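Going in written order, the chains are labelled A, B and C, and every chain counts its residues from 1.
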């Protein structure tokens, strides 16, 4: 038995149709592997049962780290490691540290979150995409169902898909 | 060039130019005016009636280091006359006051930093300063030349001076008086009085040597990105040439405009061969080995002859004593014929400068641009004329 | 699905389908460079080469090749730096702030605007390197551990704030722009027939497949990046303005600079976006995507920001008088009546009067008028920075230092270099990358569009699934 997985792939033309189809299929107990679209469909997360992304929380954590790093860096460098008389100012002039603290916060938050995103979605220059239908990035909406994860036969699934508005139903081996 | 105060219908030519037997500095520079001088029974007559004067049609820019002649009625050189001085020693003084919610205050009383009266940086050892008596200054320029010689300041040549890039660390500002309608009028109408820009027909003149004021709240130190300029524990504004990356922010932020930028490499540059002696081995003997020669792209300024201060302190230390006032002199204070520049340790109660400033405190002694509260270590003493 | 009333003008005209969107944008990337592009690109390369020659002169001989002197230490160099950074801010505003305000019209212009931001910031950075006396030490303002006893940097200095702000801004904008492009790069990858294109765009597309989970994360990231970029736009130009505001030079030392500069940046940035987009939409036949509505909306933003800038000018003038500080008052009298009065009045006419013309609806919806006024605005904004920098420096506290300033050909050549760099990069972008965000535009093709499509197809008898 090869390592390849078998998928039933439904191709849709319209986002409303595909959303409705998802509801119907999930209502019928089908486990959908993934739904692909040329643009993000509003409301699809709830319909597919995808949990809200935790990336915003990650961004916040990275940001706080950034703030702490910036302040510690500057206070240590100018206050403790090598304090100097710069224009008669205090050694730790906090108002002067605000712009840099803010910028480092944003930098850490942005890069941390983006790095997490790319890692979570496996988006790297060397990543090989698993493409169910090349027209997804053009104008088609594609629903992929993993046969090994469902008890329905592929004919049943194919019928369910066509009944719910799929313009094409294909088989795919990955 | 028409000098304010020169009589109408006269032409004056300086003697001393047009030499034929002299070094690079003087050969073929200018014209020899001696043929115009009359010899009457052994007496040289330096004036006469001009019988023929014609235009050659040629133009030549005169390189000047200062092109604006008046003080714009600003309290830069503060002066008074003897009779007023006798009545009050602080005659002619301008004491800036800033309006605050607590009433008018002098600038030193206001700060955005809440230090609870504690001084952030104190000078426990020496506190070097300069006091410049505007009464004694004749504008001779000896301080400028001695500073140049002592500190290896490059000569930049006529072309660069025309570009306003001379490198002198100390300059002598010369201001003519103007016929401003009401010099004390600070309103818009007063400020727009064009007469303030023009010197009088028969002006009075003041001279003011200006060098780095070694501000204790230095605006230049705050803005240098790489910490090339900081403040020493003895009150000097330090300039670290090898750290400077040349952004020139410090020069822009200096209200006294005393910082100089090395626009080109002057010491190792064929373009400046004829002007700068340090291109050859022999010429380099002119340089003071105690002072760094600055590279292209760095800022330099008056260091209060820190090399002399350090060597004076070292000599005293070797003898296990403190430096005595008078042992350490900056080049400018040493060479002033009128003793107008007094250098010393303001923390030393025995020093001349301490006594001078103590005596003249709040009277003749003032700081340039006091309202900025940059706390300069250089003080000026008002000029008192006879009448 | 973008539901909007049929009374509102369509954001995308011409009854476009998703496939139309893909075609209209991708074909420019996929086709070979045409004569027009080659000509435009060669001109920008020419400007770049002339500029590089002047760069060489500056770096080899020294900053003395410019017209600066001991009184006027900054002039064209920092004017150009602030000008380019200001222009860059519009791109981030369009991507980030308009996203937060749910302004769907941003989708056809945000890609190009963000690209403009990145290229503009790169041009600005070139002036930072050029203006330094010792540019080979340009890394010294960074707090890196070193062998000088580990000498750190001056965190009090606005120039160090600039280092952090501009580098953060450049990198975050780059990331935002690139991430936004990943789905479109996948589109081009999937359409590619030529092997090299497939490999190149395949690598650039990071293996994007368009799955719902990926889109969900992508949306979260876009929203957060937009939320981070918004204060970034405001803070970066605020920090740039503090190069002046925190100094004590009369004419610089004023608290109005942060909002004044930010408004001015958005003002000039939108003008530059218009200049670029008005040409691009004609050359690439994108009039259905970048419609008159887009142009009009951008012009309204120009009125708003132009008016803020105008009010700021008046406030500055007022405060110069009201403060009673004679140096500040003189600085403004000198600006209006002194030797650089011509620069000041150019600034006032270009910046205060020209945007007000957009109150007239006919002008607001006129492409030619918009193009001309957008260029006038940018000229005016250049003069604004020039006036602020040069007129304040050349006559400050002590009249003995008062001096005049004039640029040399090397300085002007350096400015031309920045144009050469900007347009070279922009034309490369326009040729090899999709200039419009296809995925976002598809998302806003609205319901009324569907009716339009049906009507369109009926009328042309095309079969449509």
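We take it that a residue touches a chain if its C-beta (ideal position, glycine included) is under 8 Å from a C-beta of that chain, and two chains touch if they have at least 3 such contacts.
As the structure is a prediction and not an experimental result, all values here were calculated from the model.
Asker: For the chain pairs A-B and A-C, which is connected through the larger number of C-beta pairs in contact?
Answerer: Result: the pair with more contacts is A-C.
Asker: Compared with subunit A, which chain's mean CA position is the farthest off?
Answerer: Here the answer is chain B, farthest from subunit A.
Asker: Name the most central chain, where centre means the mean of Cα atoms.
Answerer: C
Asker: Measuring centre to centre with CA averages, how many angstrom lie between subunit B and subunit C?
Answerer: Roughly 44 Å separates the two chain centres.
Asker: Taking the mean of the C-alpha atoms as each chain's centre, how many Å separate subunit A from subunit C?
Answerer: The computed centroid separation for subunit A versus subunit C comes out at 29 Å.
Asker: With chain centres defined as C-alpha means, what is the inter-centre distance between subunit A and subunit B in Å?
Answerer: Inter-chain centre distance comes to 66 Å.
Asker: Quick check on subunit C: which residues sit in contact with 2+ other chains?
Answerer: In subunit C, the residues touching two or more other chains are 151-154, 156, 158, 160.
Asker: Two or more other chains touching the same residue: where does that happen in subunit A?
Answerer: 86-87, 89, 93
Asker: Can you list the subunit B residues in contact with two or more other chains?
Answerer: Counting only residues that touch two or more other chains, subunit B contributes 219, 222, 227.
Asker: Mind listing the subunit B positions that touch subunit C in their complex?
Answerer: Going by the criterion above, the answer is residues 66-68, 70-72, 74, 76, 99, 160, 163-166, 171, 173-175, 186, 188, 191-192, 208, 210, 219, 222-227, 243-249, 251-253, 255-257, 259-265, 295-299, 368-369, 372, 374.
Asker: Touching subunit C in the complex: which residues of subunit A?
Answerer: Those in contact with subunit C are residues 13, 15-16, 34-42, 44-45, 48, 50, 52-53, 55-56, 59, 73-74, 77-78, 81-82, 86-87, 89, 93, 96-97, 99-100, 102-104, 106-107, 109-111, 113-114, 117-118, 120-132, 134-139, 167.
Asker: Show me the residue ranges of subunit C that touch subunit A in the complex, using the header's touch definition.
Answerer: 1, 17-19, 22, 143, 149-156, 158, 160-161, 164-165, 168, 171-172, 175, 179, 182-183, 186-187, 189-191, 202-221, 223-225, 228, 231-232, 235, 238-239, 242, 438-440, 442-443, 465
Asker: In the complex formed with subunit B, which residues of subunit A make contact?
Answerer: For this pair, the touching residues of subunit A are 84-91, 93.
Asker: What part of subunit B is in contact with subunit A in the complex they form?
Answerer: Checking each residue of subunit B against subunit A gives 113, 115, 120-121, 216-222, 227, 230-233, 375.
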